[in-house]
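You will see chain A twice below: alongside chain B first, and alongside chain C after that.
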Partner chain A sequence: MKDGEIVMQMSEEKGTALLGAAYRHLKVSYPKFFKMDAISKAGLIASEILLADERERFVPREDRAVVLFSRHGCEADDIHYRETITDGNYFPSPALFVYTLPNVVTGEIAIRNLYRGETSAYVLEKFDAGQIVSIVSESFEDPVTDSVLCGWVDCADDNNVEALVFQVENGDGEEFTADVINGILTNYK
Partner chain B sequence: MNGQVAILGCSAVTPLGFTPEENFRAVLEGRSELRLHKGEFGVREPFVASLFNRDAVRKEAYKEGIPGYGFFDTIVLLAASKAIREAGIDPASEKVQFVLSTIKGDGTPLSSSAAALREHFHCKHPVTVVSNACISGLSALVSARRMLLCREDIDYIVVVGAEVQSRFIVTGFQSLKALSEEPCKPFDAGRTGLNLGEASAAVVLGREGAGWQIVRGVVRNDANHISGPSRTGEGSYNALRALLPAPEDLAFISVHGTATAYNDEMESIALERAGLSEVPVSALKGIFGHTMGAAGILESIVSMKAAEYGIILPTAGYSTPGTSRPVNLSASPRRFEAPGSVSFIKLLSGFGGVNGAVLFRWG
Partner chain C sequence: MDVTTKELKEAIIAALNLEGMTPEDIDDNAPLFGDQGLGLDSIDVLELIVLMEKKYGVKVINPIEGKHIFGSVATMAEYISKHSA
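After this line comes the complex of A and B, so read on.
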């Protein structure tokens, strides 16, 4: 869903299968997507929906930050990596290990869009719109940052994916507040 | 207020000592706990790392009134408790916020790694966990500084960075072939990779105070690769550039210096592009190893101590220049004159393409 409009609807698929279907539906051409862990896929798809209509994408820029929040961090990928280091099956996987960091999703979005600004990942004890709004608002203290792609991207495991992302800009317009976030959640739950 | 925040208390807990002073002395004298470990954590290949003597830490924690937590929580609480005491603040006050910097925490989801801090100190606000790969400690300082500048309801922020090593982390770095089989050699021609380390460190930040200040700090992404630095040093260059012009009293830059081929080369390029090639540089990972979520805070605190004594710390493991661009390093301590004020930059970079730079000043 984007700005209140349904972008695509699936009743069968969930989690990473849903993200794969979204990748095809949105006609994103970025084969690296298939190497990503669940949270990176979720962040990438959410950002593709958010940015679909933006003009002048893929031009290097330093003025847009990516600031994401989650509860589970990279736990979905940690589970897969741990399976490669058990006593019975000891083949540590570098391809899985590199995703065992909660901030890699922000890096993937930066790489895809050529954002050279700030990228930050925070893990919260639970979803907290107030905390998200404070930290995002404070990120504009960096004089280079004029725009922040931000929000909640959380994967407890491969079957449970949540993403609610925003493009927040310096300037006039609707203020980014906890009420705005909570209002969206109340309307669409 | 001019965008600065003050450091009111700090602590450093590593296998080399439980105070900033002890850790500074260890670096000065070239003492390290980087040792070869065989079979530790059930890891099949031997590895060199700087690991805690867990009993010694628990004894110290007991003295500090911190019994009965898991080991990760113990080092978090120990560092926080020492810094809080130095700052003389009440951690249970409504005016105090906590920020935790770690990459893997205690091995469970990071959101639960914050619980011990909240319970032990009766924090009134939710603890924020910053997990921004190897720059987490600097990210936490950047974030905490902004929080103090922007939020009137918060007067003090306790920023704790901590990392313990594990089978998970060691096997992961082994699988990437990133670990050196001997104590690491930052920026040296013969460097063969990094060593991992355990540590915790904390600072208490406030709006005003004499002594050390955090002047500015930024985070920049390379937008290049998730597990390798930019060949052109893009993110580190941009992070440094945000702190320019260099202050006249800039004494040194404490670099990341992991001793991997790519990182150190990248940093030499970033420093040159920022016009900082001639500024003295030191790298501390030949002493502490790479302490991950603790590195930004630990290395900043040890650098503060050095600057107070007018010393540019030696880079253990370094002897022969090994980067394409010149870097002003030394294997022995150097002195500088600091009449009145002194500043230094702490620089880090990490997976996900992140780079962080923070400017500290005294006086």
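After this line comes the complex of A and C, so read on.
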């Protein structure tokens, strides 16, 4: 969903399988998508939906930061990678271990959109709108930052993927508060 | 040993963990690297070298040849077919 409107509806695909289906449905052309881990795919798809109507995309910019939060970070990738190296005769696959960092998803979004501002990822004990507001607000202390693509992107396992992303801009609009985030979340549940 | 491009694509998808991609998504002659084609990068070359050695027993002896060998699925399949036992 985007701004309360249904963007796509799929009945058969669930969890991580939904992400590949969404990629095709949205006609995103970014082959690197298939190399990504689930949390990066979720973040990328969510950001594609969010940014689809933006007037100028893929123009290098330093004023937009990407700040994301999750509960599980890259835990699913860590477990998957560990499974591949338990056998004594293993090859440590770069295709897997490059994703055993929880901040890769923010980098993937920044690379895709040519953002050169701050990227950071935080692992929280649980979804906490107040903490998200506090950390995102600090990003604006950097005078270069005028816009933050932020939100919650979490992948506990192949069947449990969550993504809620939004943009926060410097300006005179609605104040960015925990109530605003909780309000968005309530509308989507 | 002749290697078909379909078989090689399946091996590449497995080796690079390209979840959700099918052999039909990959053009035989599309570049493997860069923004066009499969969008692979230098790290992925390591995986492809290991794939060629482990699965087909083929080594890349001359690094200068690498650019051509890993140009596309078709050029990789051709090299493997020519050099495998």
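Just so it is clear, the second predicted complex is superposed on the first by the 187 of 189 C-alpha atoms of A that agree within 3 Å, B and C clash if a C-alpha of one lies under 4 Å from a C-alpha of the other, contacts with A are read in each partner's own complex, and residues count from 1 in each chain.
One rule holds in what follows: a contact is a pair of C-beta atoms (placed from the backbone, for glycine too) under 8 Å apart; a residue touches a chain by one contact, two chains touch by 3 or more.
Please read all numbers here as calculations on a predicted model, not as lab measurements.
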Touched partner set for A:19, first chain B, second chain C, both or neither: second
Touching partner for A:93 - first (chain B), second (chain C), both, neither: both
Which superposed partner A:102 touches (first chain B, second chain C, both, neither): first
Touched partner set for A:126, first chain B, second chain C, both or neither: first
Touched chain A residues, chain B compared with chain C: B
Overlap of the chain B and chain C footprints on chain A, listed as residue numbers: 93-94, 98
Complex contacts: residues of chain B adjacent to chain A: 42, 44, 103-104, 109-112, 114-115, 118, 126-133, 139, 143, 146-147, 149-151, 167-168, 171-176, 218-227, 234-235, 238, 242, 350-354
Chain B-touching residues of chain A, taken from the complex the two chains share: 60, 62, 66, 71-73, 75, 78, 81-82, 85, 87, 90, 92-94, 97-104, 106-108, 110-111, 113-126, 128, 131, 134-135, 137-139, 141-142, 144
Chain C residues within the chain A interface of the complex: 15-21, 25, 37-40, 43-44, 46-47, 50, 54
Complex contact set, residues of chain A against chain C: 16-17, 19-20, 23, 30-32, 34-35, 91, 93-96, 98
